[in-house]
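Accompanying notes for the structure given below.
As written, the chain order gives the labels A, B, C and D, with residue 1 at the start of each chain.
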Amino acid sequence: MSYQSIKEAAYEANMQLPALGLVLFTFGNVSVVDRQAGVFAIKPSGVPYTQLSPDKMVIVDFDGQTVEGALRPSSDTKTHAVLYKHWEHIGGIVHTHSTYATAWAQAQRDIPIYGTTHADHLTVDVPCAAPMNDEMIKGNYEHETGFQIMNCLKERSLSYEDVEMILVGNHAPFTWGKTADKAVYNAAVVEEVARMAYLTESIRADCPRLKDSLIRKHFERKHGPDSYYGQ
Amino acid sequence: MSYQSIKEAAYEANMQLPALGLVLFTFGNVSVVDRQAGVFAIKPSGVPYTQLSPDKMVIVDFDGQTVEGALRPSSDTKTHAVLYKHWEHIGGIVHTHSTYATAWAQAQRDIPIYGTTHADHLTVDVPCAAPMNDEMIKGNYEHETGFQIMNCLKERSLSYEDVEMILVGNHAPFTWGKTADKAVYNAAVVEEVARMAYLTESIRADCPRLKDSLIRKHFERKHGPDSYYGQ
Amino acid sequence: MSYQSIKEAAYEANMQLPALGLVLFTFGNVSVVDRQAGVFAIKPSGVPYTQLSPDKMVIVDFDGQTVEGALRPSSDTKTHAVLYKHWEHIGGIVHTHSTYATAWAQAQRDIPIYGTTHADHLTVDVPCAAPMNDEMIKGNYEHETGFQIMNCLKERSLSYEDVEMILVGNHAPFTWGKTADKAVYNAAVVEEVARMAYLTESIRADCPRLKDSLIRKHFERKHGPDSYYGQ
Amino acid sequence: MSYQSIKEAAYEANMQLPALGLVLFTFGNVSVVDRQAGVFAIKPSGVPYTQLSPDKMVIVDFDGQTVEGALRPSSDTKTHAVLYKHWEHIGGIVHTHSTYATAWAQAQRDIPIYGTTHADHLTVDVPCAAPMNDEMIKGNYEHETGFQIMNCLKERSLSYEDVEMILVGNHAPFTWGKTADKAVYNAAVVEEVARMAYLTESIRADCPRLKDSLIRKHFERKHGPDSYYGQ
């Protein structure tokens, strides 16, 4: 079994990160899952984007064990594994240290929903998961990061199918989606929404959140049963 | 009737948006009107700029009904239709979510006229229309957006021929002009003016507006009867 | 007499402005003087950079009268003319609306000297000339702008040979130099110095100016009699 | 002896600075050491990056004396010489005036450790060395800059092998590493960390530093004895 298809998809998706200006050096990774085979393809750790190729992608199972590949997988691999294991309907995951989204994560703040650009993708603030406790950090850190992400959504009664992006406090954003392309798209969206929210607060310190009626309207015209956005 | 001319013009004008850095993914659209035929050509909804071509443009009448084209038109089509129907002298309309202009819209603030870059194009603050009331939002939203734009200008006694740009509160900018090229030009101008005003307030919190004599001078040297800018 | 040499120099210098990211559309112009002929070559008004060529440059004398050229010269031509007439040792002038320098001009603030990047080029704050009085504005505006610039330096006892950049309050920067290349270089320097000063104040609200000993050292190692910068 | 190898390495490393957006004009330089020969290759002073070539690099000894080369070496050469002389295990040094790092240096502030992007490279705030006293400035300035850098680390009990980047107060960043490539990498890292910290404080004025457990975890997974980042 060659996993050629997810290797190529992971390669293509990873190469979108520098093209979209979302990564400096190797500060990011994308993975693509094959649900039938129970594995995902992920970027090798520390390899520059200019040296990537489909055959360098690493194949890993949902326990984070390498199944195929000569290189060590991304150091965030276990976070990806946990999310694939528990979230059955996602097809791809992206992690970046994109500048504005990371600044919000470092500030440990949710990104408030200030406008329709945000509401086109999400009906709530972009959640920021609290930093983990010291025991989790000292333990199986990247594995626990996956649970920290899942628990943050659970505590807020949010579904991973509705909310496809999160900030991990003090760290950086993770995004996902039904496909790797959608996860990459979400990584660019959270960066732009983070940048706009930062500017909005600078322009008006006491800026109110978007009102409910506009949130509903914009989200539903793009994602609702009667959506009329796209083809 | 093939509408070839406005399809090509709409294609060329749409392609200027990514070239000018005004759009992420598909967050923008340009339309070009044919007054004699009573229709306009507009970008199809959700189609990436890299996949556009003149023949993919959609032909729509001033009631927002598709006249020709295999694809669904931009979800903002009804806003364009309302403006073409009521403003007889415009030839093109642009909508973007450009970062700085959108941040001012999210902050629900007019962009104050702080310098001659602004005055070269506009003698007043860039108006920010209030967000619509909930009934308008739940109703024919994009249609009402057109009226919200027109009413904002009316309430301030501004003419659409003098003021070719507006922010829709919580949403983003719309610009227009006698031609689509002018509307695209205005979309870049409002983004730059928004960026400069943001920086100006950061550099000086209590910054005064530009004085009247300078506003007049700069606007008239570019647009007045004795203008001496351009060829 | 063909003025070919200054036309080509003015063309090359003008084309550097978009390459350096200092202009949007046509918001800028460069001129190059021929002292022997008593004329300068300047960008035509409102012509996009992509359509420029050496033969489109306009030849103007020091009273601002067109000597040769089919196109109308830049609307800022009289400002250039006044400066060439009174400042014998400059060879080129640049005017832009570059974003950060323009924001300081709009805020009507001098750019404080906060670091050695600034001191490498200038031993004082970048001066911001006050906006003109209403009579000067209503009168021969661009001509008066030249005097506003000269008077600002005079009032502060600054020499145009030491200080090769200024902000015109509410308007934007002007820079000059012994050559047009140096004037363009200074246009990029004032933009970068403006950006750094803006960030410096954001990072530390009460930031002190650079101390005298460092100002002297950095300026003199680049410009003093014992300079050891460059070849 | 031709020093061809370090000349080529210095050329390649210098050319990375404009590619990474870290320099305007000639505001930066990289050097590469040959420990056996007791010399380093450094960029010539004031030569634009577009005109560089390996044979233009200047060979200098650890007392700052030119050993080979037709051009004058970078005006910061003596700072490089001092660091090579005292720090036996570094292979390359970079100096830039990159915008955000320079703004922190101008503000004379350490860059606080706010997130894991920072902790991946450094367990402490990026130190900002105090500006020198006036005697040091008037004396052998660039030589003293080297000692100012070394003394800042000493006072804080930091090792140059752990901390590969510093800000020189009022001036700009210096970075180094076991290789010139690593030093260039660090120059990009300090710029990005500076930008993120600036944004973080803008988003949350009272933002706490990263907690110790996360600092340890991230640094050790990349640099510790059981590191699992990279290949």
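Worth pointing out:
Operating definition for what follows: contacts are C-beta pairs under 8 Å (C-beta built on N, C-alpha and C of every residue); 3 or more make two chains touch, one makes a residue touch a chain.
Small disclaimer: the values here were computed from a predicted structure and weren't measured.
Annotation: the chain C:chain D pair of sequence copies touches via predominantly different residues, less than half of the used numbers being shared. Chains compared, chain B against chain C: the Cα-based superposition rotates one onto the other by 90 degrees, nearest 5.
Centre-to-centre separation of chain A and chain D, using mean CA positions: 33 Å.
Taking each chain's centre as the average of its CA atoms, chain A and chain C sit 46 Å apart. The multi-chain contact residues of chain C, meaning those touching 2 or more other chains, are 202. Residues 24-25, 27, 44-47, 71-72, 75, 97, 99-100, 102-109, 131, 134, 137-138, 141, 170-172, 198, 201-202 of chain B are the ones touching chain A in the complex. The residues of chain A lying in touch with chain B in their complex are 114-117, 185, 188-189, 192, 195-197, 199-200, 202-204, 207, 210-211, 213-214, 217, 221-222, 228-231.
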